[in-house]
Structures are given as C-alpha cells and as structure tokens.
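Two complexes come next, and they have one chain in common, chain A, joined by chain B in the first and chain C in the second.
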Partner chain A sequence: MREQLTADAGVIAGQPPRRGKAILVIAAVAAVGAVFPFLLAGEPFLLMLASYALTAAIVALSLDLLTGNTGLLSFGHAAWYGFGAYAAGLLSKTVTSDIVLLVLMTMLATAVIATLIGAVLVRQIGKTFAILTLAFSQIIFAIVFVFSGLTGGEDGLQGIPVPTFFGLQVFKPEVWFWIFYGVLVISLAFALHVRRSPLGKAWLAIRDNAERASFIGMNVNRLKLIAYSSSATLAAVAGALFVLFNGAASPDLLSWFESGKILMYVVLGGVGTLVGPILGAIAFTVAEHYVSSFTDAWLIYFGGLFVLMVIVAPGGIFGALSGIWTRGAASREAAQ
Partner chain B sequence: MILSVSQLTKNFGGLRAVNKVDLAIAPATIHSIIGPNGAGKTTLFNLITGSIKPVDGSVRFRDRDITGWSPQRLAKLGVARTFQRTSIYARLDVLENVALAIRSREGMTTSVWQPASAERRVRDEATDILAKVGLRGREAVLAGNLAHGYQRSLDIAIGLALNPALILMDEPLAGMSRGDRETVASLITMLRDTLGLTVVVVEHDVGMVMRLSDRITVMQHGTVIADAPPAEIRGNEAVRNAYLHGNFAQ
Partner chain C sequence: MNAHALPAGADAVLRYENLNAYYGTSQILHGLSFDVPAASVVCLLGLNGMGKTTTLRATMGLVDRTEGRITLNGREVRGPTFKRSQMGVTLVPEDRKVFANLTVAENLEVARRPTGAADDFTFEDAVRIFPRLGERMNQKSGTLSGGEQQMLVVARAMLANPAYMMLDEPTEGLAPNYVEAIATSIRAARDRGIGIILVEQSLPLALAVGDWFHIIENGQIIQSLGREEALADAQRIEKALTVE
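Now for the complex of A and B:
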C-alpha cells in the first residue's frame, strides 16, 4: 500500500517540495560522479574497472527496459551490446572519429535493425521468445566470423582510433569515467521517467495481463516492439562506448556467455526495479575482477552465489535493500 | 439492430461448435445467451469478440462488417467485453485500472511526455466511471485487494472506459455470492437504463437471466433452438427439453 501511494503521488508532477528534493538528488548524483575519479587518482586500474562496471550497468539497465517492463526474457541481449561495439568500431575506422556522431549513428542503425528483427520476435511469448533471442544472438555471433576480413574474426576488431569530441581527443581515463557515468545517469533518469508515463504504465499492463490489454484496445505487439528496440538501442550505446574506450572489440562480446552475464546482472539486482540491475552489474563486475584473480574457478563460486541469491533474496539486491530500508523505517516509527 | 450475426459457423476438429447461428440484438437492450454446457455459447461469444475467427458467416456491428476483427480494433470501435474469470490489473490501484483503458481509447498509450492537465482529465474521468459502478472511495485500493464482487464491478468499469455502445459479458454472475450477484445484476440494468448501452450476456444462472433480460437466445449443440422474450422462453417446450431437469426450474 505504502509503495502504491508514493507512486501515485509521483504522478502529479511539478509539486514544489518534490522539485526541491529532485534538485538535491541531481546535485548529489552529479557531485559523486565528479569527485569519484579523484578518489582513485593513484589507482588508474581501479578507475578503468569502474568504467567497465558502468558499461555493464548500462547494458543491465537496457535489458531491464525489456524484461522488467514487459516480462519478455532475452537470452541473447549481448547481440545488441556486441552489435553496437562492432558498428561503432567499424564506423570509427571508416567514417568519423567524432564520438557523438559515432554513438548517434550506432543508435540509429541499431534502432532500425532491432525494430525489423523485433517485429518478428515480439509475436512470440515466453520461452519461444527467449529461445529466439538466443538463436538470433548466435547468428550475429556467426556473422562476425563469416565476414572476418571486415571484423577481424577471432582476433577481434583491432586498431580502433582514439575518438574525438569536437576535435579534441578523448583519452583521459577520468573523462571516460564521466562519459559512462553521465550516460548511465541520464539513461536511468529517462527510464524512471518513462516508467511513470502512459507508455510505462501500458508496459506494466501488458506484462501483467496482455489479454485484457488487447481488449482495451492496446496494440500489445507494438508496445513490446518499442520496449525491444529501445532496449537494444541502449545496449548498443554501451557497446559503442565500450569499444571506443577499449580500442578493440572481441567476438566474446556477442557470446551467449556474455548474454548470460547480462541476465545475471538483472536477476541479481532485481528484475523490473531499473536501479537494481545497475547495482547487480557493478557488484558482479567488481567481484568478478577480484575473485577471478584468486581462482580460475570463479564461475563455480558465482554460480553457487547466484543460486543462493535467487533462493534467499528473490527480489535481488534491490529487493533486499528496500526490505531493510522498510523495516528500518518501521522500527524508527515504532521508536517514536 | 446494433449487432447482427448471420450463419456464423466454427468447427473444432470434427465438432461443429457453432453451426449457422443467426442472432439479432436490438439497441439499448439486455440480450442473454443461455444453454446447457457445451451448447456453444462461449464459442459464439469468442467469435463475436474477436478471440477466434469463424470459418463461415458474418458479424455486423451497426453498418460495419466486423467478422474476424481483432479485439484491439473492436475496442476502438466501441465494443467492450468483460471476462468470466475477472480480468483486472491486480497489482495496480483501482483508478489506474480504468485510467489505462481511457488512455488506450485516447491513443495516449505510447506517449512518454504527457501534460499534467491531460493526466488530470484522465483521472477525473476514471473517478466518474468508478462512481457509476459503485466504486467511489476505493480509487486508491490495489485492485487485487478488492472484494470479489467489487473486482467484477471494476472489470465492467474498465469496459465502460472505452465509451462502448455494446458490452459483451461472459458469465458475469459466475462464482459470485448471492449478494454480489444482486449488485452485478443491478449494475447490468443500470448500463441499459442509465447509460443506454446494449448488453449481451452469456450466462448459466437462468433465474437471474429471466429477470434481467429483454430477450433470450437459447443454444443447444451449436445451434439456436429458441429466441424470444423471457416469458415465451419459459413456456418453450424445446428449451425445457434441452435443460431436462437442470437448473431451469429455478
């Protein structure tokens, strides 16, 4: 009930106290992002790890746009992440080095192709949809090897030039951190906004009861397609930024293993919570780095941890945290 | 006639679930379709509301041929339906359930930016509709937490949000307590008398149907065996035989 009431209060936009609070949140988020690279000033590797974690966070958020909003499960989301990486990498070698143009062109290409592919996929539901996404990602994976002259095949796409921003080269690690951070924060803000918009509510409606949605005149497939395309496009943005940052793209980016990892970020963080998958991705990436430096068998530990998480905290990290928060609030109230 | 069905036929395998059915429904009436289990009522209902497509025959709404139209297109045309197993959004509040349908009707479903004034209009209209079905004061309740009878009323309210001329109800009284049945029955009468809607009801509860309906169609083995006002149906020999010693005497 409490959750419902606050969600309702949010619908009536533009109330002065909320606006003040929003400004405060924006200021705090901006300040944290601005200061963070300086905290890691002596640790260039950690700053790079942070950027990797943020990339993963953007991809995780992108999958939650699809899975969290419409209930469609994708086993092949890395296809779009990798597609964005290869598209931006190839464009940067041939067309322009301007980072803004590269990202925009990648987004456009992805939106067009994802809409065409999605138009076929969204007609399916449940397991069929999930299996088709996996099959589709394997096709994209294979294409990299078919056109290995262009893509570098197994060696990956190498020699990607340093991108520029209005003629200035983008190479400082802290600048990259700010780019990833900025893209993540803006995407999250937009995703949260859409959640409250008519579109976001219609998505939740088709997730909960698609039959009824079509009987009140909603175009269920079109709504799913919008979710699929936006999700793919955001994943491609993450891929594009990653390849420009990294200077090379490997076919591993497109593999089913990568898709599985993205899905794990989302489930670990809390499906449908938008913020949760971001936390899941960051926690996973950082933990992966440290655990894999101790042991090669890190996947075994992660698999076990994953199973444990799903059983103990089915709402993911976000669910567990908000549970603690709610209990804390209740006991504070009781204490007064 | 607001709705006319002619020679409508549907097979399931070798079974003629609906066999050359004709049906004429006059505006602003309550028209019920009854019949023993397996008579083809639900199939007929699903044929009209677009869930399944007929192999033969046609359905006309006013002057339009709507045979085989999808539920989505029918909703836009002003043909609403309710469900036997109440179909609401349990995880959303009562007001939002209706607001969703209003936004869908207004073509606002895919908009991301919406002025506060538009949202206020939607919410005001939803509040009005909820008041009509007796859910005033329950706008903020989670739909899943509503009592069973109120959920049925909400299901009807969602249908009303489409501004329909015709509303088709699949067993609206099924699985309800006696008190809830009275509530829903008076709601159905209100739809006709106050809102001027045409209501088509598929129902098992023959007693209630006799009281409510302006006209009744009786089906058996996929065909229409009687179509008349309740008083005549009561004395119809074929109908008595169809129900044998069933619940018809109630």
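Now for the complex of A and C:
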C-alpha cells in the first residue's frame, strides 16, 4: 500500500515517468528544431513567418498558464506582450544590446509590475476580472500615446539596434528561429512540469472550485497571483523577443484586437491543454498570412471558423486530435 | 491528539460566544453560544432555515457580518477563509464538490497538510476508512458516483489534519453503505482528537456518533443534551425536527 501511494504521490509531484522516453522526446524535439530552417533554405519569408508563428505560440502558452490553469479569463493579455516589446525596445536603445540581459531585465520589470497590478486584479473573479484586464490593457495602450516622445506614439518605437549575444550580432533568420523555438520548447517543458507539480495541482483545484480550495487552507488569491505574474512574464518574453527580431514595436501590439487574437489562439487550440494553444497560434498565424493575401475580409472567415470550432470541437485542435488518437487506439485494441 | 498549537492554559475547544450572524440586514444567528471540545462530536439539529449551516459558514468567514467571538483553542478565529482553515478548522459543505478535473489521489494530495504529529491522517488512513477510494485513486474525481464523491470530500478534509472539522449534512441522499462509511470516518476523526460539528437531518446517524446535541430554532439554541439524555429522549428530539 505504501509503495502504491508513494507512486501516486510521485506522479503528483511531477517526477519524470520514464527517463528513456523523455530523452527520446527531447532528442526528437531538438532534431526537428535544428533541421527545420534548412528545410526552408532559400525561403527567407517562410522562415520569418515561422518565427512569427513561434512568437504567437509563446504568447498563447503564456495565456494558457493563466486561463487554462486557474480559469481566469483575460481580455487584455496583449498588454503584457506589448509591455515586454516596448520595455525591451527602450532598454536596447538606452542600456544594452545583449539579448540575454534584455530579456532578463524585461522579465524582472514585468514580474514586478504584473505582481503589483495582479494583486488588485486577482481579487476579482469571472466577468469582473475579464473586464478589468481589458481596462488595464487599454490604459497601457493609452500610455504609449501619452508618452509619445519616449514610445514613438502612433509611429511606434523605431530604430531598435540589432541585438547581440556574447558580442555577436543576432540577425540571421535561422538563428532567430532557433531562439524562438528554444524559448518555446523550454517554456512548454516548464509549463508541463509545473502542471504536474503541487503548484499546478493547486491551480487546477482553484479552477475547479476556489471556495473549496480555501476550505482546505489554500491561499487562493496568492495562487492566482503567481499564475498571473508568471503568465504576464512569459508574454513579455515573447514581446521582447519579437521586438528585437522585428526591429520596431507598434502600438497595435497592445491593442484589444491583439488580445482577442491571443484568446483565439488559446480557444482554437484547446484551453488548458498547454500544447493546444501552441498549435492554435501556429495554425492561426499561418492561416492569417495566406487567407489575408487572398481577401481583405479574412476576419469574417476567421470569425466563422472560430464559431464552427467552438461548436464542433469545443476542446479545440488538441481536443479533436486527442479524440481521434483515442478512438484509433481503441480500434487497434479491439482489432487485436 | 492532533497537533495544533494550544496556548498555555487554554482549553482544547472550539468556542462560540454570543454569536450573531447576518446576511445583509437579516439576522440569522441570535447569540449562539456552545463549545466543541476536542475529540468529541457535537450535533447541531433543527429544521431547515434555523441557522445550522450559517453557524458553519460564519466559522469560515463566509457570512456578511458577525458579532460575538469564535475561538479555537483560545485564539480568535478571524481573517480570510484560508487562514481560518490554516488555524485548524475546516468545513465539508453539503454540496459535495470535488476538484473534478483532478484524480482522487490528486484531490487528496492537494489537501494533505501534515502537522508532524504521529497520528496525522495519511493516504493509508483514507484508503482504510474508504476502501472504494483506494480502488479509484487514478480516476478523475468528477466521474465518481455521488456517494464516492462524498467520501472523497470527507477524506480530503481529514487529510488537511484539522483540529476541528465541520460536516454539513454529509449523508444527504446517500445509500446506507455510504452512510456507514461516513459514520466510520467521523468516529475515526474523533478518535484522533479532532472535534467535530455535525449538521445532520438523519437522527439515527447523529445518535450513532454524537456526544452532544444542540437543537437550534430561529438562530438560537433552545435545547442542549448530552449523549445519554439524547438516547433516552430520542422521540422528543425527533419531534423537534418534524414540521407540524
């Protein structure tokens, strides 16, 4: 009995299931990332599109850390994406061009500010929280225009220098792809690890029933705040990398439209699945590019697709794929 | 004895002193006073709407306003719900809500709060008291039957190792075998030194496990009985719990 229970506790504590399998997965993921840019050799635009899709994937994952884990729905997540972009852009123009330092400084600034703002927001639940996040994102959006001397206002933040990594300039598209890919993989691995940890289980508990969680001594607001700050910080990392890659930041990064897109990535991919929002973001970004090149009315088609997905596949892309996989496995088992 | 700090000279007791509770401008409790000694089961009995559940919710800080004092081993019970829980009091509400997306094992793990005492409740204890849970450890708790979910929420509360546990109608709508399992868990908790408040419509269960009985009417205790008196006068209690 003790062994069985210890094993159960081990699963909860996030211990790796099988080391050999984990190594295989890591090797496969690394190989795909290493080879991908070479598959697109001679297609610099496609490689750039891939990098944009990976940025979207990171920010989608960041929102799922909040919404998927705790059930808190944010209508203003682009605020943190844009905040990271502007913070890294301004720091790169004034402090350093080192990409690692820029990302670390952006993370620190975001974590501090998100904790202060989150401390107020997480005391709210449901619609109130969602509306407050939207209001907050609009305040940040407005600040860009109020301090246009610093931020460039409507023209955006221009003239961001090429970042460096240990003194070497980072400008090759394939290097940027690897950076985005690496950050995404590390972020996903971290998110999956946290999901299996006691913290991740506590998040899921408060998502299911916050009042009951408080009955057994969980500090619900503190747990939500940790989720909110982590989520904001990862979104800011995506923003920071994006602006250093792109060389400019536009106020559009902070807009409610951008927040809506991030939410669509998550819903399209599958809320709470962590992997799903990544798939949703990649699918959305690629489809956005191709569909918008055919018609200006691409949003209408996307809106329709979104409605269809919610009705037909409420679990999103990940839920649909999981269903197909499960049914296939059941069929194979029945055939044996 | 469950290890929650007991200040020098303080009795091991959850004490209600002249408690008034309000929802908005409506006063629900009117000067309620009673003790819940450690290692005892105190049953709150009465018709619906008389203030039994409000007493429990007031203990967890879930009513709009209270007056009077609630003390736990000499320390005032106050602050947000999670702090009251961390002080050593927990509530199992009547609407048996598990963390549906967690497995049975995960439900228990998130609740587990070891105090370091030798007689802390453990996974093994939970499985011994509720063998059905042992068979379902890796099952999503949202897929359990109603009776199994009730066992899980009681087990979850026990693993938090509270000094005092409040159960609000834990057997409502349960099959007899589940009722017996709940009764076993109440006795096991009492034997570990936990003080229990049991709000229960089922008089047989209350009489089977209770040490003290308070009949509440309109937010006030109108009658208090010890175990022997209650057993000798069960018909009178039954009458008090019947709508005429």
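Just so it is clear, the second predicted complex is superposed on the first by the 320 of 336 C-alpha atoms of A that agree within 3 Å, B and C clash if a C-alpha of one lies under 4 Å from a C-alpha of the other, contacts with A are read in each partner's own complex, and residues count from 1 in each chain.
Basically, a contact is a pair of C-beta atoms (placed from the backbone, for glycine too) under 8 Å apart; a residue touches a chain by one contact, two chains touch by 3 or more.
What you see is a predicted model; the values in this text were computed from it and never measured.
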{"item": "Contacts of A:Ser331 with chain B and chain C, given as first, second, both or neither", "value": "neither"}
{"item": "First, second, both or neither for A:Thr128, with chain B first and chain C second", "value": "neither"}
{"item": "Touched partner set for A:Arg212, first chain B, second chain C, both or neither", "value": "both"}
{"item": "First, second, both or neither for A:Leu204, with chain B first and chain C second", "value": "both"}
{"item": "Which of chain B and chain C A:Ile226 touches, first, second, both or neither", "value": "first"}
{"item": "Chain B versus chain C as contact partner of A:Gln169, first or second or both or neither", "value": "neither"}
{"item": "Doubly contacted residues of chain A, that is, touched by chain B and again by chain C", "value": "1, 4-5, 8, 11-12, 198, 201-202, 204-205, 208-209, 211-220"}
{"item": "Contact set on chain C toward chain A in their complex", "value": "60, 62, 80-82, 85-86, 90-93, 97-102, 105-107, 109-111, 113, 123-124, 127, 137-138, 153, 156-157, 160"}
{"item": "Contact set on chain B toward chain A in their complex", "value": "49, 70-72, 75-76, 80-81, 83, 87-93, 96, 99-101, 103-105, 108-114, 116, 119, 140, 142, 158, 161-162"}
{"item": "List of chain A residues in touch with chain B within their complex", "value": "1, 4-5, 8, 11-14, 193-194, 197-199, 201-202, 204-205, 208-209, 211-220, 222-223, 226"}
{"item": "Residues of chain A touching chain C in the complex", "value": "1-2, 4-5, 8-9, 11-12, 198, 201-202, 204-205, 207-209, 211-220"}
